[in-house]
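Shared between the two complexes below is chain A, which pairs with chain B and chain C, respectively.
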Partner chain A sequence: MASETVIGSLRQQIATCESQLQDLKRQLAEVEHQSQQRRTNLALEQGVHTIDDPLAFDFSHGIHDDFKSEVLAALAQPEETTPPQRRWPLEANEYKRYGRQLIMPEIGLQGQLRLKNASVLIVGVGGLGCPAAAYLVGAGVGKVGLVDGDTVEESNLHRQILHSTAKVNMTKVESAMIALHSLNPNVELVPHQGRLTPETALSTLQPYDIVLDCTDTPASRYLISDSCVLLGKPLISASALRTDGQLMVLNNPPLPPGNTSGGPCYRCVFPKPPPAESVVTCGDGGILGPVVGTMGTLQALEAIKVLTKQPSASLNDPAPVDHPFLLIFSAYSSPMFRTIRLRTRKLKCAVCSAHATLTPEALNSGSMDYVQFCGTVGPIDALSSNERISAENYAKVRLNVNPFTGSEPSKDSHILVDVREKVQFDLCNLEGSVNVPFSAVTSLPVGARNGRANESNPEAVWVSELRQHADKPIFVVCRRGNDSQFTVKKMKELGLDNGGQRWIGDIRGGLLAWRDNVDREFPEY
Partner chain B sequence: MAASKAPAGHFSILYFAAASTFTSKATEHLSAPVEARDLFSKLEALYPGIKDKVLNSCAVTVNLTYIDIYGDEAPDLEMVIKEGDEVAIIPPVSSG
Partner chain C sequence: MPDTQNEGTIKITVEFSGGLEMLFSNERKLSLYIPAIDADGSRSNIAFLVRHLCETFMNDPRKELFVLDDTVRPGILVLINDADWELEGEDKYVIEEGDNILFVSTLHGG
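Moving on to the complex of A and B:
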């Protein structure tokens, strides 16, 4: 324990020193830049007086005006293109570091300079934000801001590639700063500790050229999109769950609300949030590392494309407008990628159209409630207290006597139904439990209660099996204690409780509570 | 979910993410033609509850182009989904 404290404190000190060093380097660069500019100005001023030589006489008196101006222009040229203070626009190490992308026509010297002068805000430093940040910092974006309020957990490490085993419990922002700084010390990193809120969104996003939405909730997606429209910033939005991902470049070009040539916003594509109870997190639904990694990598790619886009050469030949798209990635399908052509801004979009009602003042004041707009799911409490049993009491049932029915001990005295999906049941389960996946429970038709099995409508196998042991109480367990409550209600609808004669109830808090309060060795996943 | 070619008189429909979970299908063929305004009620009849739980927040595309059928005055309500078209139901994915 003591050594862990020391490690933590050393890490803290290193991080502090590194950020101080970063700040000093930035100050030095600024001062150097200023003094070079002063020297340049001085040289230019002196240059005005140095025409006082023999040639100057001829120029002033003996040469045709047209010729004279041509020669002067030719002489003046080198002065403009190669400023005397610096021979090359990039540092020596930058030519080497970025050489492989510098030699590509898509980037070139101008593209690299655009990246160097650019700033990107990455909101969320998780499965999407880690690869996105790594590639943008690697590519030499001048300034990268990182927003996150979470700390690193062990279950993040299979996909959040900037974090490592030693950094569990460190804030994600700090962990990412350390990894990114060692990747490329040329990039200025700006930490924004904490979650983005409506009150802080505009001031946080304001200093940056472009924003990457790498967050994980519907509320943050609407908040970031709205803020980008109000501030006129292009937004690169991506998401991933299980084996699927989505990617969009939004508000690009970032024209003011009402300008129909501007790119659509998140609300134009998804005007209505999904019902809160249908939103699945990576913790519940699962996520494959390379799937979310692919999406984060594509965000970095799109950011580089937007930042290095060459301005139109002339008014007659405007740069081609990128058509807005929604890219769907589906890792186990063929084809894996589908690109959907999006429309332009929606005529009645609440945020980016001429009918827009959202103002910066409303956002800053916090009167826009994004959490309410997207809905919330409170803790589910669908059962009465005599339909529930704690994990500790259930452990006693397995060892002693059922506190409700007083029946004899042994595992055979009751039925334990585990309603996690089969793949989770196969990971770990309680001895003697029966698996009825929750998807099989929910897919039973609503009116099934009246329809006892008949020939045209055979009963599900698991239902008839449970009917066969009409005397044994049924305990239902799931991962966290939500699906089990729904299942108890459904079983009673199906009449499995024999009109109240058989006890059916759930284990409060699910296997998580079992692990926390009864069996510490039961795997947590 | 490589959608096999729809048989005569049908269009293909692809279900992504939550839509695929709800229908337990990645793709199927439905009879054509259907007016875009009737698409959701047709699916609701096949999968009771899908409209409120999934479709209302989805993006809908026909032949890889987004169609706007959100609200009573949406521009694409009268569009006709024809035989051989490919429709996709795309719920927003928000995690990451």
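Moving on to the complex of A and C:
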């Protein structure tokens, strides 16, 4: 433990020094650049004075000193107040750095200048935010803001490409700043440490031209969309889970609420949040790195398209309006990409319609509870305490005496049912456990209550097998201790407890508790 | 459920995305025939299709993950021939031969 603390602290120090070094390098580059410019200007001036300028000759040889200084002062005045006219709109290094996109008609000089003058806020620096930020910073967006309240975890690294092994435990914002600065020091990076809240949303979003929603909860998605409508900013929203991704450009054009020509907002498309129990996180459902990377990359692409869009040439020939769409990416389907036409603004939308009820004041006051609006799944507590056993006590059951039945220990004294999906069970499991995937438990028809099979409804194999060993208590385990509770209830509904004669219960806290309290070597994933 | 075309049935394609396929035996795409006229004698619309899918194809007993208050639950988009159903009259849309109906559950991971 002590060495881990030392390692952590050293990593932190290295990271801090690296970031200081980066900053010093940037400062050095700036100072060198300025002094180079000064030398060039000086050389020009001296050249003017000494070679063939007749005025210089007069000054040097023929004009009275008093008069000369007066004239010089007058001449010098404007030069001090207005910077010298630049010969080219971009810096020399910018022509080189952005050359490959500059020569494209979609970007060109004007597009690059629009990017340089633009600012983008990226909310969430995870699987979506990392690639999105990398491409926007690489493309030369003038200012990029980063919002995140999390720290880098090892399980982030397979997909969150700005973070790295040495930066585990560093804040995601700090880690991303280091990577992005070394990618392109010309871009101004603004850290916004901490989660976006209703009270801070408007002031955080206000200074930016466009917002990227790279977050992972319904509550933050509604908050960001509402704020973008109130502030009149286009929003590029994406999400990903398992092998699928979705992308929408919302509130584009970002016209005031009530203007039906504006683009729809998140609430127009999803007026009501989904039931909290239907929301699956990447931690529970899984996520493939390139899938979420594809979606983040597409967000950067859409941002570049919105930012570099050329204004219409004339009023008679307005620029074509982009139709609102939903892009669906499905890595294991054919075709992988599919674009769906979306609705326009909803006439009764609570935020972007003429009947809008949301005000900036209400948002700023914090009276809008987005978490409550979207609902939460509290800790599941479906069983009574004598239907549950702690991981430590279960370990005793495996070694000693069952505290509930008093039976002697033996490998065959009980049945341990692991209800994780097969792919997780195959990763690691407790010796002797039987796998009954939770999907097989939930998909049992409700009609199978009390379990007696009939001809039209044969009993599932796993149920019959459990029925065969009617004397052995059943312990149910899962990853965290939620699905196991549901399974215990289901088993009792099926009559597997023989009217209470057989003990059925679950291991509190699941395999996570087993790892924390019994076997530190059991893999954590 | 007829698996060949009869008088009075129409052939359609139903697709699931965003995890909804898990409620339908992991089938992402179904080709099926539905009655052109429902039990009430009116032409089959999306509301009928949703009930039909629930009764005939959904193995998972957790119906509330697909239907809530007699309509598709919040967080599911219904797309008729690649357009939001709000553009087509929502669940009153009368299904035509060859229609493609896509149910998409919104994702939140990032």
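Following the convention adopted for this analysis, the second predicted complex is superposed on the first by the 439 of 525 C-alpha atoms of A that agree within 3 Å, B and C clash if a C-alpha of one lies under 4 Å from a C-alpha of the other, contacts with A are read in each partner's own complex, and residues count from 1 in each chain.
One rule holds for everything that comes next: a contact is a pair of C-beta atoms (placed from the backbone, for glycine too) under 8 Å apart; a residue touches a chain by one contact, two chains touch by 3 or more.
Since the model is a prediction, treat every value here as computed from it, not as a measurement.
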Combined model on chain A: chain C and chain B, fit or clash: clash
First (chain B), second (chain C), both or neither touched by A:Ser239: both
Which superposed partner A:Leu444 touches (first chain B, second chain C, both, neither): second
Which superposed partner A:Ser334 touches (first chain B, second chain C, both, neither): first
Touching partner for A:Lys272 - first (chain B), second (chain C), both, neither: both
Touched partner set for A:Ile210, first chain B, second chain C, both or neither: neither
First (chain B), second (chain C), both or neither touched by A:Leu128: both
Touching partner for A:Val280 - first (chain B), second (chain C), both, neither: both
Those residues of chain A which chain B touches in one complex and chain C touches in the other: 124, 126-129, 214-218, 221, 238-241, 244-246, 269-275, 278-282, 285, 287, 292, 326, 328, 330, 333, 338-343, 346, 439, 443, 446
Contact set on chain A toward chain B in their complex: 124, 126-129, 214-218, 221, 238-241, 244-246, 269-275, 278-282, 285, 287, 292, 295-296, 326, 328, 330, 333-335, 338-343, 346-348, 439, 443, 446
Complex contacts: residues of chain B adjacent to chain A: 1-2, 16-18, 24, 26, 48, 52-54, 56-57, 59, 61, 64-66, 68, 70-71, 73, 75, 88, 90-96
Touch list for chain C against partner chain A, complex: 17-19, 22, 28, 59-62, 64-65, 68, 73-77, 79, 82-84, 86-87, 102, 104-110
Contact set on chain A toward chain C in their complex: 124, 126-129, 213-218, 221, 238-242, 244-246, 269-275, 278-282, 285, 287, 292, 326, 328, 330, 333, 338-343, 346, 439, 442-446
